[in-house]
Amino acid sequence: MQLKIRKKAKHKSRKPGLSPGELSGFDHTNESEHAEISLIRFSETEIEECKVASVDDMVVPTADDKQVYWYNIDGVNNPNQLLQIEKKYNLHPLLMEDVASAEQRPKMDDYDNCLFLTAKMIRADEASESIYAEQVSFVVFKNLIISFQEKNKVGDVFDPNRERLRLNKGKMRRMGSDYLLYSLLDTIVDHYFVIMEYVGDKLEIIEQEMLSNPSPEKLKEIYKFRRELIYLRKSVWPLREVIVKLERDECCMITEEVKPFLRDVYDHTVQVIETVESIRDILSGIVDVYLSSVSNRMNSVMKVLTIISTIFMPLAFITGLYGMNFDNMPELHNPDGYYVVIGVCVCIAVGMLVYFQRKKWL
Amino acid sequence: MQLKIRKKAKHKSRKPGLSPGELSGFDHTNESEHAEISLIRFSETEIEECKVASVDDMVVPTADDKQVYWYNIDGVNNPNQLLQIEKKYNLHPLLMEDVASAEQRPKMDDYDNCLFLTAKMIRADEASESIYAEQVSFVVFKNLIISFQEKNKVGDVFDPNRERLRLNKGKMRRMGSDYLLYSLLDTIVDHYFVIMEYVGDKLEIIEQEMLSNPSPEKLKEIYKFRRELIYLRKSVWPLREVIVKLERDECCMITEEVKPFLRDVYDHTVQVIETVESIRDILSGIVDVYLSSVSNRMNSVMKVLTIISTIFMPLAFITGLYGMNFDNMPELHNPDGYYVVIGVCVCIAVGMLVYFQRKKWL
Amino acid sequence: MQLKIRKKAKHKSRKPGLSPGELSGFDHTNESEHAEISLIRFSETEIEECKVASVDDMVVPTADDKQVYWYNIDGVNNPNQLLQIEKKYNLHPLLMEDVASAEQRPKMDDYDNCLFLTAKMIRADEASESIYAEQVSFVVFKNLIISFQEKNKVGDVFDPNRERLRLNKGKMRRMGSDYLLYSLLDTIVDHYFVIMEYVGDKLEIIEQEMLSNPSPEKLKEIYKFRRELIYLRKSVWPLREVIVKLERDECCMITEEVKPFLRDVYDHTVQVIETVESIRDILSGIVDVYLSSVSNRMNSVMKVLTIISTIFMPLAFITGLYGMNFDNMPELHNPDGYYVVIGVCVCIAVGMLVYFQRKKWL
Amino acid sequence: MQLKIRKKAKHKSRKPGLSPGELSGFDHTNESEHAEISLIRFSETEIEECKVASVDDMVVPTADDKQVYWYNIDGVNNPNQLLQIEKKYNLHPLLMEDVASAEQRPKMDDYDNCLFLTAKMIRADEASESIYAEQVSFVVFKNLIISFQEKNKVGDVFDPNRERLRLNKGKMRRMGSDYLLYSLLDTIVDHYFVIMEYVGDKLEIIEQEMLSNPSPEKLKEIYKFRRELIYLRKSVWPLREVIVKLERDECCMITEEVKPFLRDVYDHTVQVIETVESIRDILSGIVDVYLSSVSNRMNSVMKVLTIISTIFMPLAFITGLYGMNFDNMPELHNPDGYYVVIGVCVCIAVGMLVYFQRKKWL
Amino acid sequence: MQLKIRKKAKHKSRKPGLSPGELSGFDHTNESEHAEISLIRFSETEIEECKVASVDDMVVPTADDKQVYWYNIDGVNNPNQLLQIEKKYNLHPLLMEDVASAEQRPKMDDYDNCLFLTAKMIRADEASESIYAEQVSFVVFKNLIISFQEKNKVGDVFDPNRERLRLNKGKMRRMGSDYLLYSLLDTIVDHYFVIMEYVGDKLEIIEQEMLSNPSPEKLKEIYKFRRELIYLRKSVWPLREVIVKLERDECCMITEEVKPFLRDVYDHTVQVIETVESIRDILSGIVDVYLSSVSNRMNSVMKVLTIISTIFMPLAFITGLYGMNFDNMPELHNPDGYYVVIGVCVCIAVGMLVYFQRKKWL
């Protein structure tokens, strides 16, 4: 299976000088693209799923609402909607800017009324043998999570979480929004492990090919593989920091009960990072082996050339010698001369071969 | 688009042993160069823009002045003016030394009465396909910012900020000098992203060229590219530290409200730095691929040489053999001798080719 | 003795989206595989060893039980059993997930009622000349340790600990579960030293071979050796952190008396890590020497070729010259011509050899 | 201008086992070498300069003396004098050991009654195109600085400081010994910038030469340049730490007023270090370019050889063929045979050239 | 002088599973080897030196004993003696384990009643041109130091310390066991500087040889040199940490008065480490120069080959051409043909040489 990184679109940097909170970075031509909003509302005993038509229909839960609301917004290209949401939930303007920017580095911000968190969702699509890297953002309130995703056909990775909510499996329904957040992050990180398996398999293939049958084409493949790893690391590395900050969070959003779970996600993230580093280390070893195999083959090519030249050049000299047309060349008139020359040639050839065998060139 | 770094002038190191506060490091011949001073004074309701003729006309706002003053000084080569400003605003002598030094490392100093901060403003001029790196310094008081720039024709990057002030867009007019500072820093960092895009495009071109058609000239280009990246990193890297210090500032100049915005600028700076590091990483991978492609082509050149030699040297020996002039060479008188020799030659050639094909040299 | 890393089975990543505590990652077909449970119960005066038939027969010691219980579970592939144990001892669901995952990074978690710790047990089997890397997990209560191991034929490394318990050697019988934990960790780390000896011997062999008789095959061996070192480091490195955390433990599980012992294990772990790093450093030096020896041999091959060509090409020209069939070639009719040509040839050959000797090519 | 590092003398390590405070490390034969002592005593209103004949004539200022004393000792090879000074000012024995050792790493020690500080004074002598690295030590009391320098003909770098004291420029005369210390350190660091300019110029020359006309001799030059940079870094790097410690000094020797000035020196030191690191980075890029240019030229040499061989070897075979002396070679009797052969030869040559052009070898 | 590392014996790892305090790691066959115990007991006024026959005769000084006892144990292979000492002085079992292990990493442990510290004593034996690395351990009580050394013929490095004690030089006799400890550590570190001088001299020789006359044998020497440096660094690096911990010691063993002296030892250790790092850095530069000189010489070899081939191959073709036996070759009958051919050959040769000179190959 081949690993490709499909970027959604070329990154458009923010227009310099925009005031913070002004949303740019997306094409206003398809502003018409309307984000889909879906809601899952659950308590320990009840669960309700529905589509929400517009931002106006979204609910701001009161502080003493015992239910947990999870709004999932598919599509972050509609600035109007985003601004409406910003207003409704009284979000910081920078927060929405980060949501709208597709190339945001994973980060966690601790605002007065909410937590904000972005991560990269990396998924493998087995059909097209490619990898999707999408950005997911979470805004976390006491009993509310709003998740923002880029719109795409394949859907998201959170279906198992939804299923568990529906079936009331595990303790998700009994816990608050912090546990839901953990659960979603956990799913994202679990997908990193799937990618790690692809990457590991690929490493094994490359390793085997390079050690048995090295070729320059494969070096280019290694180069592309390394690039993917650089990309992966850039996506995963900051998540580590994010989770550390989340665990140390002082704004009381994350309860003590959820912290061991976050530590677990942290451990997984570190494991992914270490694996990426190990693979990079191994790859550079493979490149070393390849380069030495190239110079080694060069060596053996040169040896063949040298052996051939060293044998035949003296022979050519001898035949040239007796091809000269001097009047007075007594050997030419010796009836055995020809056979002696052939004998000498054979001796030279054999002698050279013995010499090369001693020098371990054969 | 080509990336060039245009240095304004050769860096002149400070004459050793000057007392701190003595301003050197610029050419006194064009001391006549007069810096242009412009003022923007705004409160939430009013805004006034004007040119200021001389330092004497600059205002020292009182502590209870509700307006924010932004003096922008274009040109830092006139020591008299700088000394006048130093006196007027009671600035630390070292501060003015840093303002005047064009090769200052980005830094932030926390003086008793004010904050001092320098950064590199990196801009791309699309017309000349080059990049300008200029130094900007900010002196920040409670309700006053003095910004110092090098004088040049293209102006500065702060026009969008001025526009927003005029149009009262965003909350700039409602906030103090700290928000203005943030807003100016944000604009500078936003421009780094523009540069990053150039750099990214350049990387892509180099990558494509190197993988499809490697040449030594392109390696020199990579070398120059790496040099530019080293320069970029040196300009951006310290800014990270500067903003961390700014956020932790204890002299009460930066209000709590502005800190999340600074964190945002910080995140952007880190992102730029990480991108530069990734590109360096990728570049070294490209160099590896290039070097291996060179030794690979060498390999294939050597193979051609060896194949040719290995085939024709034995043949040359045979023809040489029957070109000898011995009296007694029975084969020469065999009427089929010539055809046999040709046959043997063909056999040797074919045999060699088969041998090379088996060795996968063909 | 050859060093091989035998992985038990291919790592199966956790199915994404499972709720935490849901145990996956093993093959449900051999779910029938029943883990063996054995108990050692000891106090200073008494010791009792027995097999435990099922989880139901396991005892939850009361807080004032003066005995120490050590349950050892061989086999972590039976989810039912694990869940029973989880329930019985009121363990955190994440804990059991980590026990069941065979590719867990060494870690230490501090739960409310217990400590959890995993480490890699690396053993050398002298018979098969291979190395086993197994995961061991410990759940530590006040007077109870449950250790989880993968099931295998060779047994575990803890027999000496059991023997000491039986013979009441050292102070193990007088101390609590924390000292038992230390003692088990110490045994694991002592085995790292055994591996380090293998690794050191191997390095010495590789070094000697590479310096005396370098070959490309050996470079592949070095590559594999480096890979093993990367694996070793990955297994040992996190243990360092684990023990630091253990020593700083605040949940009162580790008594002050045991901490110096843990510091000792820490020192050993650091020593193993430093040795691995040194070996990596030395290996890269060997690779340098090898690569330079390759290019050096190439050099000497090229010299032979060049010497041969440089001597015989001019000679071939001369013989060719007098093999031409021009009517008017006065030298050909000179009776000494042939001898003069031979003399010239000898002069050229000797002159060339002298030249090469001066250039230190011979 | 060429950069050379002139070491005063070979470093003699301290004789092991000397008791601390015993002064070794210099040649007792020229013990007669007498250090020159000069004094500058100043207050805001007065200044007095004089030579001091012997240590006995040195003054120990009382705590309430409003004047600042600066004793400068030229020459640290006379142990008797040093011991007299040690006694007179009640200095720690280790302090004098450090003063006498010429190869001391820059450091700062905070003794009960005084501060001790050593730094490297690096100066360029334009006449001899070389660089001097000398050690300067400072012992700082409340109103007294004793500076120790190695004796040499060119004098020291502190003349501008003396001049400023004399002319009462800046605030040196108004401030205490801490500001004087800053002022001297600042002068030392300012000289680093001068060296950096030399180094930068040298880099530019090397870069230009290597890119336009690479040669192995220049690689040796780069190697020597890198060595000098290693030396420079070793001299400057610890100074950074020294100044940090100085700023954090708790023994009340450094007043709050002077600390911003120290921060400034710190910034300059960091800038020097970063520049050295950048240059090292750039140099390794140049080496890469050089190495690839070497293998590239090798490539082009090989191509010429291969092209020549590939064209002329088949031709030589053909001519050899028709130089054979078989009785029955019908082509030889064909009147156009010769012209056909020449035609064939031309075809082969042209064909080969076309082939190589297609392969882009021409 | 050549640098060799003579290991006393092959490291035997501790038998896994031994209880802590059980002493293994040495050969029980020569258990008979009796350690020599010598005592120096001193106060400011008195000093007594004697041999102690057995552990039973060793004294445990009372807390108010004003004398300082220094027991030196030569030989750590007798477990019985070690256990007797352990019992007598109530030492922690792990402590004795560390004393007995010959491959202990330098470390410092802070036990309740004493400090424990091990370091590597590296000495050069000028006669045999080799280096000894031995382990020394110190157990430090209020007025007692027990030092453990490996037994050997050359004795130890502490003779100057003993001499100073005897002659009452310096303040050793006036101070407690902490100053004695410092004094012994200082002597050990002073010996590192001696080694550094050897190493520095060796570097200079290698550098000179490599730059003037590079050879593959010398690369192996560099490799061995690097290995020695790795070993040196491993021995010295942890000592830095040890001294930091010693200085921060909280168990009141180290008095405030001694701490500046420890700081001095710390500075020396850092200097040794930095020197080792610099040498490694320089060595890698030398290897670069060597490798490029190899490929450079290859280049020049190839050029000779190519020049010779390029000149003589066309000439050989021409002579071959006129050696053909065609009936109709008009040039052959031209009386000047031969001279024309010779002229053409000369022209080709000269033309080629001019061409190569233009290409700067000559």
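Each chain gets a letter, A, B, C, D and E, in the order it is written, and its residues are counted from 1.
Just so we're on the same page, contacts are C-beta pairs under 8 Å (C-beta built on N, C-alpha and C of every residue); 3 or more make two chains touch, one makes a residue touch a chain.
Please read these numbers as outputs of a predicted model, since none were measured by experiment.
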Third chains touching both chain E and chain D: none
Distance from the mean Cα position of chain B to that of chain A, given in whole angstrom: 26
Centre-of-Cα separation between chain E and chain B, whole angstrom: 42
Where chain B touches two or more other chains at once, by residue number: 295, 298, 302, 305, 309, 313, 316, 320, 323-325, 329
Chain-level touch network, classified as line, ring, star, complete or other: ring
Chains in cyclic order, anchored at chain C, direction fixed by chain E: C, E, D, B, A
Complex contacts: residues of chain D adjacent to chain E: 11, 13-22, 92, 94, 97-98, 105, 107, 109, 111, 216, 219-220, 223, 226-227, 230-231, 234, 287, 290-291, 294-295, 297-298, 301-302, 304-305, 308-309, 312-313, 315-316, 319-320, 322-325, 329, 331-338, 341-342, 345
Contacting residues of chain E [partner chain D, same complex]: 157-161, 163-164, 169-172, 183, 186-187, 190-191, 193-194, 196-197, 211, 260-261, 263-264, 267, 270-271, 274, 278, 281-282, 285-286, 288-289, 292-293, 295-296, 298-299, 302-303, 305-306, 309-310, 313-314, 316-317, 320-321, 323-329, 361
